[in-house]
Every structure is written in structure tokens, then in C-alpha cells.
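Shared between the two complexes below is chain A, which pairs with chain B and chain C, respectively.
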Partner chain A sequence: MTKKALVIDDSRAMRTILSGILGELGYEVQGAEDGGRALEILNAGGLFDLALVDWNMPQMTGYDFVLEVRKETRFNDLRLVMVTTETEVSRMSDALEAGADEYIMKPFNKEMLLEKLMLLGIEAELD
Partner chain B sequence: MRNRTETSDLTQADFDFVRTLVKQHSSISLDDSKGYLVSSRLLPIARGRGFESVAALITHLRSRPHGKVHTDVLEAVATTETSFFRDFHPYEALRDQVIPDLIRKRRESTRMLSIWSGACSSGQEPYSVAMVLRQVIPDIDTWTIQLLASDFSGAMVERARKGVFKQLEVNRGLPAHLLVRYFDQHGASWWLKDEVKRMVTFFQQNLDREWTRIPQVDLVFLRNVLIYFDVETRRRILRKVRRHLRPDGFLVMGAAETTLSLDDSFRRVQFGRAAFYQPGEGSGQ
Partner chain C sequence: MSLTPGELFEILETIWSTQLGFELDDDEQSANVPADSQEDLMTGIVQISGGFAGAVHLICARSVVRAAAARMFSMPEGDLGDEDLRDALGELANMVGGNLKTLLPGSEFISLPTVIEGSNYDVARLDSDVVVRIEASYEGKPLRVVLFVDHR
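Let's turn to the complex of A and B:
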């Protein structure tokens, strides 16, 4: 079965970059411009394996999105990876405590993303 | 017009000079495809010392007796890429199988583990091992942990010993929960906490010279380093590894590396997606 991923970022360019990388890994990717829209997609019955989540977005932040998702046991298998310009260790700590599985600081490159996904058991052939 | 190497603007004669220098002092073999690598590694040294080009730096090297500049060049060429938890699978194997097994075996006897990272570069590898040990051994303070790390480059050893990393470096391969747990943030720098830093003893070591500081160990990490040596040097190093590894210990190599066809007395042991190598019969000869 095709794996599905959500890319949640208010920057269209970032959504395109991340979707491209996940697409290469075989994911079917859906984009959302903030946490609220992403929650709507999930609540509409979308089954996803992975979500890449920006922190600062209008309407609902990535942090609040993680908190909301982790309230629901039906999303337990959804891996949540923060991809954000927030680089304070306290932010990272907060995100992990809220239920994020991994955390990537921007700027990042494709290899860094793949290495972090590898930590979650998501494999890719690294050059 | 002078001949250029295929992959850089170094002349073949300059490249050959550096190649000979490197081979003599570090045993590293540079094939013709490494012109670009040499050029890019030497450029910062040339600039830092006020030479107008890499070629001018090499002219200087040719005309002077072996000194600090030569050492800088050797170390720059020998520096290897590294990252925390590189390729992850070997660390997964350490965490889930190898370290728990060793701990079970040693718990009623020596209560000691000895591990050596033989090409540690800026330190990410031994520090990753140290973090795994802290995660896996709950009563680690009642154990004697000998975690040694060496590199050909004195500059790298100095850097590694500091345990200070850039954001770019901690953003690669390091699980976020370990970054939060074991590092202190100072602006864009991340300082390893003492509880991990003090576990590792760093020193300079040329792998093709005497291993006077290496005791009998349970694990040897020689990842992505033998590829820089010619076949005979690789064999020589693997023979020495066998002499320094305990019979139930393991050699850990890079993801694309193997002892096969180099030293058949090693036995390949698969742990999940990682292969480790155990000294077989006839080891220590």
C-alpha cells in the first residue's frame, strides 16, 4: 500500500521541496498551509503515516497541531516530525514533550531529512 | 601547457608530490580521481597562509624541510566526513543487541567495557557510542567504561576533545531527544554535557604505526577509513585489529565496507541491518 504523508507549512515553496523529497521516497503527499487545515484533512478520515510540521503558521501553529493530534489515540501511528526555524532547545524540548517524534532545524538539506527519517525506521538509500 | 589532473586544476606533478607526501606519512593512497579533493582541502590552508594559490602552497612545500605546513596539509587530506549516528543501523544494533549482550557477559566478571573509535574525526562517532552506552546501561556509574577515540589529525583530536558542535552538525543524524538530553545550547553552538564528554579519551594515532595506546577491546570502530589505504595496508591494519579485539568482540566498519577478500579470519555477524565482524579462529597470529 502506498505510504501517505502530510506536509504542513505555510510556505508554498517549502511544501514543494518537502513534497518532492517524500515523493522520491514513494510517499503520496498532501499539503496543508497550517495546522488547522491539516487537522481537517486528518479528521476527514485521511490515513497518514508521516507528517512534516512547520512551527510558525497562521491559524494553528505546528506545536498546537502536535498537541491536538496526540490527544487522539487513533493517530498514534502517525509519525510527527517538526521542520522549523525554531532552534531554541526549549522549543525542541516542548515539541518532543507534546508528542513530536523528531525535530529538524531549518536550514536543512535532503540528506539531513533522510537521516532523521531513518531514525524513525523510514528507510531511504542515502548516497 | 602543463598537464592537469582530470578532476582539478592541479598539475599532475603537484598532485603527485602531494600524493607521495601523503602516502609516506599517513599511508593513505590517493588515486588519480582525488585531484579535486586535494585541491579543495588545500585551498583553505593556502588562503590562511597567504599563498596566492594551491600551486604556490605546493611550491612552498617542495622547497622547505618537513614542518608545520606539511603537517597541516597531511591532516587536511586525511580528514574524513562524519556525523552523529552515521548510518544509524550499527547504533541500533549496539543499543538493542551488542551492548546488552556484552553487559550480560561482563556483569559477573570484569564489569568493564573497552571500546575504540579508530578514525574519530571531530568526535561524533565516539560521542554517539557514549550516548548509547548511557541509554542502555542503567547502572553505568558502577562500570568501568574505557572509551578511546583517535584520529590521524591532531587538529581533529583537539576539536573532538572540546565537544562543541555547530547547529549543522547536531541537525544531522542525532535523535532530537538526545540533543535535548546531552547538550547545552550556547547561541548557534551546542556543547556536549560533561557526563558524555568525560567518557571519551582522545589521542592522535596513525593507524599504520604502532598501536601503543590501544589495549584489548570489546569493540573497534574503523568506519569508512580503510578505503583510504591500499590493500596491503588494509590487511596489515586488520591483522592488528584481530590482535587487539577480544574473542567475543566486534569490528564495526562502514556500511559499504567488508573484511571479505582482505582478511578471511573475520566472521560476519548480522544484527538487523548492520553487519559486525568478529575475529575468528587463528586470530591473534
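Let's turn to the complex of A and C:
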């Protein structure tokens, strides 16, 4: 069965980059421009294996999105990876404590993202 | 404030090389190119707040933004619209601000980016001082990053 990923970032450019990489990994990808829209998608019944989440977004930040998702046990299997310019260790700790599974800092490249995904047990080979 | 031009250039260079796969030149000789250039410029601005309050401005020739956007959107430059360029520059400014914040003690938050574009313009940040400013170029076209600290 095709795995599904949700890419949450207010930048269309960043959504394009992340969607491209995940597409190469065989994911079916849906985008959301902020945490609020992503929650709507999840609450509408969207089933996803993975969500890549920016931190700094309008309406609802990625941090708040992670907190909201982790309140719901039905999303326990959803892997959450923060992809953000927030590079301080304290921010990373905050995100992980809130329920994020991994954290990757912008800028990044394909190999760096793949490495993080493999830490989550997502095995794939990129060209 | 001990931030050096070298540290700021390293942030910019890392973003350009890692995210875009582009090589930047640290080109002090291009210092006056943006103001005199006939080419339109684009400026991405991110505010920084907290114990440190100020802003970072990423100023690029429009052709540099177009090249970056083409890479980010995986599209030919000719197919890109104005919104694509604004989005790409905003995200790059966001990366500069976010990475810079780590080096600015007390800084807590960065704003969503703002983008200004046009020709023969200058952006004045009132009641602030320039902390550090660097000049660089990509394929001969100028980039500039300026960090301002606000007066309290």
C-alpha cells in the first residue's frame, strides 16, 4: 500500500522541495500551508504515515500543531518530523518534548532528510 | 554583539550550498553593485525579537532570486511567476534569520518574512543600527545581508 505524507509549510517552495523528496521515496504527498489547515485535513479523516512540519507559520505554528496532534491517541502512529530554521538546541528539545519524533534544521539536502527518515525506520534509497 | 562578517557569510554560504547547491563568492568588491545596478532588486526581511530586537535583510538581484526559485521549485526560470520568486526569497530570508538567531543571545522569535521588490529603492530601518553587513555574489550578481539592532 502506498504510504502517505503530509507536508506542512507556509512556503510553497519548501513544500515543493519536501514533496519532491518524499515522492522519490514513494510517498503520496499532500501539502498544507499551516498547522490549522493540516489539522483540518487530519480531522477530515486523512490518514498519513508521516508529517513534515515547519515551525514558524501563520494561523497555527508547527509546535502547536504537534501539541494538538499528540493529544489525540488516534494519531499515535503518525510520525512527526519538524523541519525548521529554529536551530537552537532548546527549540529542538521543546519540539521533541511536545511529541515530535525527529527534528531537521533548514537548510538541508536530500541526504540529510533521508538520514533522519531512516532513524525513524523509514528505509528507502534515493537516486 | 560579537557577530562577525565571517560568521554571517558562513550562514549564507551554507544555505546557498546546502539548500540550492550553488556556490557563492565572498566578494567585497561588489559592495556598491546593488545600489548602482540597473537590475531590479528584491529584499527579504525577517524581524527578530526577544532580548535581541532587530531585523535581517537579505537583498538580492532579481536574477539571483530567479535562479534560486528555479532550483527550489524545480522549474525552468522562464516558467516562474512573481509569487514564486517572493515565496523563494521569503523562505531564504527565513533561513538566514533562523540560523542567525542562534548567534544572537537573547533572541527568541523570528517573524514571518516580508518581501520588497523594485528598482532604485532603499529600505530604511528607523531607530536602529547596522550590526554587521556582508556582500557576496552569485555568478557575478550581488547579494547582501544586513543585520540591524533596534534602539531600545
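Keep this in mind: the second predicted complex is superposed on the first by the 125 of 127 C-alpha atoms of A that agree within 3 Å, B and C clash if a C-alpha of one lies under 4 Å from a C-alpha of the other, contacts with A are read in each partner's own complex, and residues count from 1 in each chain.
What we mean here is this: a contact is a pair of C-beta atoms (placed from the backbone, for glycine too) under 8 Å apart; a residue touches a chain by one contact, two chains touch by 3 or more.
A quick note: this is a predicted structure, and the numbers were derived from the prediction, not measured.
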Inquiry  = After the alignment on chain A, I want to confirm one thing: do chain B and chain C clash, or do they fit together?
reply    = fit
Task = For A:M92, decide between first (touching chain B), second (touching chain C), both and neither.
result = first
Inquiry  = Quick one: is A:N56 in contact with chain B, with chain C, with both, or with neither? Answer first, second, both or neither.
reply    = second
Query = Is A:M118 in contact with chain B, with chain C, with both, or with neither (first, second, both, neither)?
reply = first
Query = Touch check for A:D10: first (chain B), second (chain C), both, or neither?
reply = second
Inquiry  = On the A-aligned overlay, A:Y103 touches which partner chain: chain B = first, chain C = second, or both, or neither?
reply    = first
Request  = Based on the superposed arrangement, let me know which partner A:G46 touches: chain B (first), chain C (second), both, or neither?
outcome  = neither
Task = Report, please, how wide the angle is at the C-alpha centre of chain A between chain B and chain C, in steps of 10 degrees.
result = 80
Query = Is A:G26 in contact with chain B, with chain C, with both, or with neither (first, second, both, neither)?
reply = neither
Remark   = Minimum Cα separation between chain B and chain C after superposition, in Å, equals 5
Ask   = Same chain A residues contacting chain B and chain C, which ones?
value = 87-88, 105, 108, 112
Note = Given the complex, residues on chain B that touch chain A span 83, 85, 87-88, 167, 171-173, 175-177, 179-180, 183-185, 188
Message = Give the list of chain A residues in touch with chain C in this complex.
response = 10-14, 16-17, 20, 56-58, 84-88, 105-109, 112
Query = What part of chain A is in contact with chain B in the complex they form?
reply = 87-89, 92-93, 95-96, 100, 102-105, 108, 111-112, 115-116, 118-119, 126
Remark   = Note: in the complex, chain C contacts chain A through residues 14-15, 18-19, 21, 69, 72-74, 84, 87-88, 90-91, 94-95, 97-99, 101-102, 110, 112
